[in-house]
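Could you have a look at this structure, given as structure tokens, before my questions?
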Amino acid sequence: MITAIYPGTFDPMTLGHEDLARRAAKLFDRVIVGVADSPGKRPFFTPSERVGLAADVMSGVANVTVTRFSGLLTDFVRSQQSWVIVRGLRAVSDFEYEFQLAGMNRKLFSEIETVFLTPSDAYMFVSATLVREIALMGGDIAQFVSPLVAERVAEKLRDVRPAGRPQRRITDQ
Amino acid sequence: MITAIYPGTFDPMTLGHEDLARRAAKLFDRVIVGVADSPGKRPFFTPSERVGLAADVMSGVANVTVTRFSGLLTDFVRSQQSWVIVRGLRAVSDFEYEFQLAGMNRKLFSEIETVFLTPSDAYMFVSATLVREIALMGGDIAQFVSPLVAERVAEKLRDVRPAGRPQRRITDQ
Amino acid sequence: MITAIYPGTFDPMTLGHEDLARRAAKLFDRVIVGVADSPGKRPFFTPSERVGLAADVMSGVANVTVTRFSGLLTDFVRSQQSWVIVRGLRAVSDFEYEFQLAGMNRKLFSEIETVFLTPSDAYMFVSATLVREIALMGGDIAQFVSPLVAERVAEKLRDVRPAGRPQRRITDQ
Amino acid sequence: MITAIYPGTFDPMTLGHEDLARRAAKLFDRVIVGVADSPGKRPFFTPSERVGLAADVMSGVANVTVTRFSGLLTDFVRSQQSWVIVRGLRAVSDFEYEFQLAGMNRKLFSEIETVFLTPSDAYMFVSATLVREIALMGGDIAQFVSPLVAERVAEKLRDVRPAGRPQRRITDQ
Amino acid sequence: MITAIYPGTFDPMTLGHEDLARRAAKLFDRVIVGVADSPGKRPFFTPSERVGLAADVMSGVANVTVTRFSGLLTDFVRSQQSWVIVRGLRAVSDFEYEFQLAGMNRKLFSEIETVFLTPSDAYMFVSATLVREIALMGGDIAQFVSPLVAERVAEKLRDVRPAGRPQRRITDQ
Amino acid sequence: MITAIYPGTFDPMTLGHEDLARRAAKLFDRVIVGVADSPGKRPFFTPSERVGLAADVMSGVANVTVTRFSGLLTDFVRSQQSWVIVRGLRAVSDFEYEFQLAGMNRKLFSEIETVFLTPSDAYMFVSATLVREIALMGGDIAQFVSPLVAERVAEKLRDVRPAGRPQRRITDQ
């Protein structure tokens, strides 16, 4: 039985993440979506919120569970009796960075195998970073995340941004 | 009549930006240089200063205007009755990022067309980020920006850096 | 006689950096490891500590010296009567960025030559950033840095992280 | 009035090519699809056949015409009173090659402007080379080319490959 | 039970290919090394020879078999009751091409999943093409292929190149 | 004393090659331009012609000599008492291929060092392949090669292409 870990910040889980997790779930016996605390990234959602969203989104897939972790990914992988890491590879992903991580992780835990999957064409350009920026500027994110995630993003924005005070963080590309 | 938007932070406008805007001005009826507020990038010049510099630099080109914007780029494009975005593509540009943005923007506004142009060889390695760093360390930026921009950068540096207090932000490559 | 400058933040010097410096030392008469202050990167080690570590690590190589610098790299190169910059190029390095820097530096100091070398396969995936992150999360960095560096990193961590208070900065990939 | 040239071998014209030509037709007053003879590539279809297919496919777009050419692309562009070349840029295209060509062409004809457009997501992975290989091995190309092109490819294959003699040219990836 | 197909020309099977096949064998229930006829590539070894070599090399791994195929890869995959393709991804591989193939294959057979694995560092620079060139010029290929393959390459070279007649096909890099 | 080898097909030597050789000549005591026979590439000029052209072009640089070689590059390097290979790295070069070669060469001859240099901006887009294609189609190559090379290319074209018989090999981009 093979357990694969699909790690990330998932801030929030996008349709691209969901697509990847479903693909992994067909390839491996068990898939654990590992939600990293990532305090250094100053996430929009708290770790618990991100775990909750991911769990809700993946609730229909029997062999997928969602777990929060902090610390070294290789330690987390080991703690789950796993040796397989799943990563998405978009034509526009940071391929160099992925390679470096896979190489370093193999040095830290030699039995580890990083498996790269490609998302559906439809999600080739979806990134959580851009989704957050679009939402913060009042754009519609319905085609990038599941309805449930879109709703929670909207709620969160109402909390952090009182009416009348314009949102200033923007993207200028 | 086609109006093209050339968006950016333009902090400050370099000769490479200027070259691109001139090229766009030959291809399209009207070009609007869209200066994004970009507070998240903590720009060196204020939005008004950046608009002023860009407007001065482009003043000799009849069909180019400069406008400040904040919020979603696609909203700005629409507000200008435009559907064309112009982006510079250097051999050393972040091609992956450009592709991702172009893809996301097309999803947000399906009629949008992102047109990539390449600057002259001479500006292939010029970036506003490096120009700022060179200026901050006392280097000569005369070959990267127009004389007017070079002068305003020098003035700004005198303001922010009192004599006798060494400048600490450096580049180490 | 050619003096080559090998610039970087070296926070801390890895086995990959060491490998590069040794290769450069065989190619050129003198090699100066230039440790940039890099306050903008908020380094883990102070400039003096980084210089000390690099000097210790390279002490066995006669024609290599270590010097701290701040300001423009091209100014530092000139001040050392040098015109050669050595840079490592990993398959996973930020090649675009390297090219841009080499191009800008040539514009600032036309006689400058940037020489790119490739590290040994064994260090292809080693980066100082990942080494710091692994150490901060309690991982073993022995295969990425020399014993002396590993020891100083451990000491530094004991200083900044009192026992009982869990380390929160993590990597989630 | 701007005439843009969209050059290629078009062996055969795919839905990706068609998409690009339609996008160009909205941006420029006139678009000329330039079908290069390309004898060096040993095309599957003759130049006349390729021109015929492209003309049929584009017949519904008023400002697009199809012309055969041989020799230097820059000479062809000049001969059509044009100074604009349109090229498709897929996330998976040979970006380096495109850049080199754009640079060389600008050196041969300094007023030339190469405009890069991106096809729809749906055509991001479609290439004429793969379409030919799939057809030659009996695969279904209906989702990569227009019905008319699919039909002519099938006819051509019946001509070149008598029944009973297995097709040997394959792709093995 | 998941059967994965690892397709290629394997002309000849290198230690890098072997490493990949072993990694795949740990991830999936069955792995079929699919040796493509690839007449278009004018292989050095015949298809039967390549199948023989691959089978010998992989004989110690219980769940790996070797099969020859021609025609569309997706047809071969289907014929083996498989829906998983394994591909090696080296930092120096033709990543763009791999992406295009994965995208096209998914369009031809929507259930297909292409799984990318990375070889060990030691094989990051090994390619069958370079191995053949080195052997043809009398270089030593012992560190790139298994002893059995090295021996067959030597035999083959004695057959195709009579003593006294210098080998002319070279690499010049 | 360090002897560096600058290998290539040099069919013909371009201004970009010349620029690289001059840069290498400043870095190393002796530079040998190694002209590979490369029969597999079906060169336009014979090996002797290519050696002659390169020698004429480099005649003004005292520490540069030109030598023809065939066989393994690493064998040639060793035979010249060298351990340094110089390669040009353009922003548009086949970086992946360069890396693979450097890696393989280091495996064949562990002391070897591949030194990558970048040409002047002006030659960033010059390739011998494009130069040949432009000349064959009657284009002007004066800005890509030295006058002497341009003249010999013109002579060679008169020989291979009788008047009245149109040149058919073209580039279509």
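Per-chain residue numbering starts at 1, and chain names A, B, C, D, E and F are given in the order in which the chains are listed.
Just so it is clear, a residue touches a chain if its C-beta (ideal position, glycine included) is under 8 Å from a C-beta of that chain, and two chains touch if they have at least 3 such contacts.
This one's a predicted model, so the numbers in the text were calculated from it and none came from an experiment.
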Exercise for review: Quickly list, by label, the chains bordering both chain C and chain F.
Suggested key: B, E
Review point. What's the chain with its C-alpha centre farthest out from chain C?
Key: D
Study note, to complete from the structure: Most remote chain w.r.t. Chain B, using mean C-alpha positions, is E
Study note, to complete from the structure: Distance in whole angstrom between the CA centres of chain C and chain D is 48
Point to revise | Rounded Å distance, chain B centre to chain C centre (Cα mean) | key: 32
Point to revise | Gap in Å, rounded to a whole number, between the CA centres of chain F and chain B | key: 38
Revision key, fill the gap. Shared-interface residues of chain E (touching two or more other chains) are 91-92, 95-96, 99, 102-103, 121, 124-125
Study note, to complete from the structure: Which chains touch? The pairs are A-B, A-C, A-D, A-E, B-C, B-D, B-F, C-E, C-F, D-E, D-F, E-F
Check your understanding: For chain F, which residues are in contact with chain B within the complex?
Key -> 91-92, 121-122, 124-125
Review point. Given the complex with chain E, which residues does chain A contribute to the contact?
Key: 2, 23, 26-27, 84, 89, 91, 95-96, 99, 102-103, 106, 113-118, 120-121
Point to revise | chain F residues touching chain D - in the complex, by the definition given at the top | key: 90-95, 124-127, 130, 134, 137-140, 143-144, 168-173
Study note, to complete from the structure: The answer for chain B against chain A in the complex is residues 7-9, 36-41, 69-75, 96-97, 99-104, 107-108
